[in-house]
Amino acid sequence: MIWQFNLIILGFLIMAAIMSLKVTDLLSASMIFGIYSFLMCLLWAAMGAVDVAFTEAAVGAGASTVFLVATVYSTKRKSSD
Amino acid sequence: MVFLTCGILLFLLALLVLLRVIIGPTAIDRIVAVNMVGTQTTVLLILMGILFSRVDMFVDFALTYALLNFIGSLAAARYLLRTKPLRDTKITVVEVERG
Amino acid sequence: MNMILNIACLGLLTIGIIIFFGAAIGVLRFPDFYSRMHAAGLCDTMSTICLLMGLALYQMHDLSLPNLLVVGKIFFIVAFISLTGPTSTHALIHAGYQRRNRPPIRDSKAKEGSE
Amino acid sequence: METVVSSKPLLATLVSLLVVGPIILSRRRPNLRESWTFLAGFIKLGIVLSMLPIILEGGVIEWTLWEILPGLALAFRVDGLGMLFALVASTLWIVTSLYSIGYMRRMKEHSQTRFFAFFAVALSATLGVAFSANLLTMYLFYEMLSLSTYPLVTHHQDREARAGGRTYLTYLLGTSVAFALPAMIYTYMKSGGSMEFVSGGFLAGSVSGGEATVLLILFVFGFAKAGVMPFHSWLPAAMVAPTPVSALLHAVAVVKVGVFCVLRVITGVFGVDFLASLGAATVIVWLASITVLAASLLALTQDNLKRRLAFSTISQLSYIVLGAAMLSESALTGSIMHIAMHAMGKITLFFCAGAIFVATGKKYVSEMDGIGWRMPFTMFAYLLGALSIIGLPPFGGAWSKWFLFLGSVETHNIYLTLVLAISSLLNIAYLLPVAVRAFYVPPGKGNTKIDLHEAPTACVIPLTLTAFGCLALFLFPEILLSLARLMGEPS
Amino acid sequence: MRALGTIAVILTGALLLYASGDFPAWGEPYSPANDSRVSRHYILKSFEETSVPNMVTAVLADYRSYDTLFETVVIFTAGIAIISILRGPVDKRVRLRRASEKSLRQSNLILAQTCRLLVPVIQMFALYVIAHGHHSPGGGFQGGVIFGASLILVALSFQLQTALDRISEKRAMILAGIGVLIYSGIGLTCVLLGSNFLDYSVLSKVLPLSAIEARSYGILGVETGVAFTVTAIMFAIYANLSSHGRMKGGL
Amino acid sequence: MVDQYPAIVLLAPFFAAIAVSLLGNWKSGFCLPLTVLSLVISLMSSIALLGQVAESGEVVYLLGGWPRPYGIEFRVDPLNGLLLVVICTIALLSSIYSIRAAAVETPDKCPQFYTLYLLLVTGLLGMSMTGDAFNLYVLVEVASLTSYALIAMRSKRAVLASFNYIIMGTIGASFYLLGVGYLYMKTGSLNMVDIREVLLESGLYTSETILVAFMMIMVGVWIKMAFFPLHGWLPNAYSYAPSTASCVLAPLVTKVTVYVMIRMMFTVFGPEYVFVYLGWSDVVVWMAIVAILAGSILALAQTDLKKMLSYLIVAEVGYMVGGVWLANETALVGAIYHVISDAFMTLCLFLAAGAIITKTGKYCIKDMEGLFRKMPWTMVGFVIAALSMIGIPPTCGFFSKWYLINGGIEAGNWGYVAALLISSLINAILFFRVIEVAYFKKESTDSDKEETVSGSSGVGEPPLTMLGPLLVTAVCLLLIGIFNQEIVILIRQAVSSFGPLGFIG
Amino acid sequence: MILVDFIVSRFNYWIYIILMMMGLFAMIAKKNLIKKLIGMSIFQTAIILFFVSIGVKEGSTIPILAHEAAHDPAHQQAAPLTEKGEGHIQNGKGRDALRAEDYANPLPHVLMLTAIVVGVATLGVGLAVVQKLHQEFGSIEEPEILAKIDSDDG
């Protein structure tokens, strides 16, 4: 574990989570969710959970962000909240 | 120690980029910033590998990250290509009202 | 030998961080999307390459086979980033351009928030 | 007391259930269908009669199916009380079947197959209650009876039937689930897992006076078929049914099942002596007395003949409950005998009401001026039945009334004697005017046009039979008396 | 809804904070969880018992392989679920056989060329990740996602149809089924060979391997199955989500 | 072969699911025979397994051959042995039922439907067999994902219901997962029996973490089983789902979750913790009382038949939770017995409702007039299930109520007894409202007459594939009631292995 | 330094609670369905964060056997558990025997791999349902959809 990284990333994570929930533009929200996801990946790497980090990297960058963007594409981009 | 400092510095710089993500103002700005942070993550992962003295284990998914981050921003770019911008519709509405 | 490697490594890391600092400032401070893109696209790729090279050099302290493999992989990443970085920048700019956000020549503030 | 193990009680119960299949299968051929009913009726009566000698000798017939809850089996047991009730029910089923053939065919009722099928099921349930060896079995058949009579009550399937049926089921199911079930479970727990009826009461000694009072009230209200106020109003509501149903079910089977259950609870669950020692039955005595008087008064105000008879039934049922709750030997005998006597009398009255309706289409007392000489058999039978209910000799009702009076005197409670006396007077007041109108008042203007004639033979024969039954019961009460005495005397 | 959410959040948060005072410190090596015999067994014995240095892989695909089987099933289910939710009545009239040359030309040249260069590399790398899961992080799931991502990349830089020409949705689902079948088939083979479900060591009866090596190879086989499923499903999910389940047009 | 029964029970539907998904695309005629065949195999082996368990006690099946704390194991005791049989039977019956209904309600999605169906059954079977707390989570998710999809297969409102279910279901499953995490943090094990041992040995009962773990697991499970204040997702989801899906979801999902709750309370935490140390049973029983009453009253307010049935499930969940938390053996036995009997009752009701809806296309209770004439056998099944819900002997509903009330009295909780009775009365009103409408003809005015004539001409009994399962279920209701002793003996065997329950009253 | 220790030793748990609560709030209170799903993902990752935090050991390395340890049979013998705090070896090299303290606890990682997969699967299904809702009702805002349903009924 690398606790210094851990502390910093946790701070970032909160920011990213708040942002992705606050932004009314869903495309931005999905992209910020992408940031959230790779921050998580870094966090897990910092905690020594390599496999989890690997999975999160693959899923967060390759799958869930793309899925979200695809859904925003097929539905609507504006959100009321 | 060097690497630790280096990593912390990189993180702090990433914070600047994150600020851009937060203030926006448009999606495409955010995408640029996200892409940038994503690239930086690759470096950070290898750095961590060095800190753990197990670079051989971290390099694989740093590579993955480099590959897949590309897909994320590509999808967003593709989205922007395929859709009409939000403001266009607004303008037409305004014009109609004027007319 | 190790000394030289360490210095080179440190130097590369410093350069990388400085470039990244530039990129970050650029992304944060430039007035419109295209110029921000410019800062990001150029410096981000460059800084990443520098940093990765630095780290690769550090790995070359003891030249065993696994370590060389790691170095090879890092170079692979470098190659990748130098390929994907410009491409994604291109794709984004292309997308922005197609949406008729012409690059503002002078009055950048007015177009702020275009989307 | 000898105990005989025999499957006869089960067979007697099942006969009418088994005949449901053939009845449904032969729905296209009415004659065949009804002969199935008769066949089952006679077999049933035969089985019941074949058990009579053993019972009369003081024996008990038992048959256990299987254990359904720990220490609690689905079991049959025939003793005097059950035998008496079964005898009454199975005899009157045959008579009623005959009557309903006449009635249903004349009225051209729809879905007669369903009618006969559920009739048979209801009879099964009645015998099941009569022969059940424990509270659970009794409850099972009790519910089966409530449900199987629902299609009979709502046979007409019109708005009135719907309302009546709704009241009917709400009261019967509601009270049984809300009162009888918890009381039963509490009993089960208090008695330590046994619910066999024994003639000292299986609960004797294991509950306190307060508990016993509450439980008894729960049981009496829970078996709302007994019609104790305030849970009586299902009975008038159920009068929307075709008359044969009202006759058998609401003069005999359903309501008698209610009082039978109450009797069982008092004798078999608590035990007369135990209740007497606790003094827990006083509440029931007063409830029943109030019901007797109030129902009689209400009966006076009814113009619809069947409703009048229904309120009369409520009042008469409470005699039985009252008799049981008096906890004296004579009163108990009287109330047990009243089951039979009242059944015979009341079924006659209902048959008559039905016959009048079939023949003239009249439902209301006020319309019945002068019909007596047009349909002499019917009205004469009515008179006999009414006198029997009132309790005048030489009719069956006299015996039961006699024992009830005797019991009330034994308890040294002058009020109870008064209640019985007043209600007998009220009986006269609401039953006899019908006969009086029919025979002595000349027909009004509107009625002259209608050609009055006797009801179909299939209707007249049964009511004549039951009317003479009332007479016969007065003359030959020994069997009933000895059956009733079996319960009365402590073993 | 806001009020409800606030109440739920405050209650749950308070509860969790209350418990967090009782936690062992973060990073404590001798906390009950870290020092338990289960965890110690996995760290100390897993190499001995399975000859897989990556403990996570060993635990994932051998000790708790049953979990992983159902993890694969979850993914498989998700694929089928999405298809069954999004698929309307099948529209058979318009069905492009192949992406026309025109559409290829329409797509961005730079993107197309980069993609041509990248996709094979990504796929090779995915295979490497799958196969190398024993010794480094990675394995069937991660490799599968990467492989799937390469197909998504094709769809993104050309047309969805281009990717569907490589592997149609129907084929993807068959592939996914085959993946689960490989996994569970290996498990079933163990049953047929007279041992319990997923007990790979019994494979040594039919393969020229020792029991421990058999476990290692069993893990490899299982990971391959996972990779098949994940690849196919990731792509199928993307194809469905990006085109409303119509398999044409789309992002 | 004999020692592989646990695996066969689970694997038969699992392999069939894969086979259906592979072969179904090629030829959809394969779907149904495969489904039925696999469920028959599963049923037979589960019965064999139950026999084995009843004879020789708990059966443990080590997956991957790893011994207890290291690997995952199946633990089959009489309790989940019974549940396995119930699950297989119900799945088999409703799969036969689905032959026609699936073709009507979800055309062109046959292979997907049957794959999801079999996977759901696999998930439920796995949930009831597994002895590992985390594995349970994975299987819960398998079952949940399939049910989301099965519900969303129909359009319009079902989709929104499915979305709400996804949100609520995820919250529930995640809470459960978090609870398992807390447990793991303190005990270092995931095996249920092992956790219990560690809890006892290390004296962890006073730990706040364990307390919160318990609360999280309970809340999570309650959300999943739609315990009253957390029931919001259930009524819409079950009433708008395709009837084939709701026929298997409604009887099984909540019941298996109740089983999970029992497993967690008694095998993992142990009654001494739940009842003696915490001593919350009164609070939870009162919550259950509220659930029973609220569920019944809400059901009373519904006009849609399936929605009414769905709210009744909420009330029935209250029965079971209350019974489990009454903290005495009778009530626990009653609750477990009610799990079984309620599964069949719900199945029977939903089968009947499905048959009515497919044949007449009517959802509202008031539109169902004259059904006794048009489809008498369906209504016979419906009436038997209704009687069972009300609690009329000799149907199984009576006996479960019997044990539950018995337990309530034993615990001295009169509120629970009263709630059970009131809810029985409300059930009586509910069902007789339906039966009355179906029994009576509508008072036809002139304009209605033609409509009724034209409407009734096409409506008859449903096909045998729908009617058969319905009647079999109805017979099952009677059989379970009549032979309740045998079942209760098995349940007592299981309950006694939980150790002495903490007695409160 | 004590303060830092205190913060470090608890920080992960606090943050996970905050993230989880944010996710929970979004799932319940947000009106937009995609926002709800994003909240759901945050909620799930928070739990994953908690689990991974359990498995962290101070001074341990990643749970992959170091190359030497794996290929030298002498090192495979597990040593008895040593006292706490005996050398924080961040390096996998140069040890005599395999020690459990040196490697992060692999079990939470395994569990969380599964949990991530489940999370993605749920997200995918959720997104599909959202798309279907958009097809049916033309909206992804819950109040609008409810209003549409009401108007359909009425």
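Think of it as A, B, C, D, E, F and G in the order they're written, each chain with its own count starting at 1.
Just so it is clear, a residue touches a chain if its C-beta (ideal position, glycine included) is under 8 Å from a C-beta of that chain, and two chains touch if they have at least 3 such contacts.
Computed from a prediction, not measured in an experiment: that's the story for all the values here.
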Inset, instruction - Would you pick out the chains that touch chain B and also touch chain E? - result: A, C, G
Legend entry - Mutual neighbours - chains that touch chain A and chain B alike: E, G
Legend entry - From chain C, the most remote chain by mean C-alpha position: D
Inset, instruction - Going by C-alpha centroids, which chain is farthest from chain A? Tell me that one. - result: D
Inset, instruction - Give me the ID of the chain with the smallest distance between its Cα centroid and the all-protein Cα centroid. - result: F
Inset, instruction - Averaged over CA atoms, how far is the centre of chain C from the centre of chain D? Could you give it in whole Å? - result: 98
Inset, instruction - Report the inter-chain centroid distance for chain A and chain D in whole angstrom, where each centroid is the mean of the CA atoms. - result: 78
Legend entry - Intercentroid distance (Cα basis), chain G paired with chain E, Å: 17
Legend entry - Euclidean distance of C-alpha centroids - chain D vs chain E, Å: 74
Inset, instruction - Specify, in ascending order, the residues of chain C that touch 2 or more different other chains. - result: 66, 80, 84, 87, 91, 94
Legend entry - chain D, residues touching no fewer than two other chains: none
Inset, instruction - Can you tell me which residues of chain F touch two or more of the remaining chains? - result: 134, 138, 141, 145, 148-149, 152, 159, 184-185, 190
Inset, instruction - Identify every two-chain combination in which the chains touch. - result: A-B, A-E, A-G, B-C, B-E, B-G, C-E, D-F, E-F, E-G, F-G
Legend entry - Footprint of chain B on chain E - complex, ascending: 111, 118, 122, 125, 129, 132, 136-138, 142, 146, 149, 152-153, 156-157, 251
Legend entry - chain B - residues contacting chain A, complex: 4, 7-8, 11-12, 14-15, 18, 21-22, 24, 27, 30-31, 34, 37-38, 41, 44-45, 48, 51-52, 57-58, 60-61, 64-65, 68-69, 71-72, 75-76, 79, 82-83, 86
Inset, instruction - Spell out the residues on chain G that touch chain A in their complex, using ranges where they run on. - result: 7-8, 11-12, 15, 18-19, 22-23, 26, 30-32, 34-35, 37-39, 41-42, 45, 48-49, 52-53, 55-64, 104, 108-110, 112-113, 116-117, 120, 123-124, 127, 130-131, 134, 139-141
Legend entry - Touching residues (chain side chain A, partner chain E) in the complex: 1, 3, 50-51, 53-55, 58-59, 61-63, 66-67, 69-71, 73-74
Inset, instruction - Can you check the complex and tell me which residues of chain A touch chain B? - result: 2, 4-5, 8-9, 12, 15-16, 19, 23, 25, 27-28, 30-32, 34-35, 38, 41-42, 45-46, 48, 50, 53-54, 57-58, 61-62, 65-66, 69-70, 72-73, 77-78
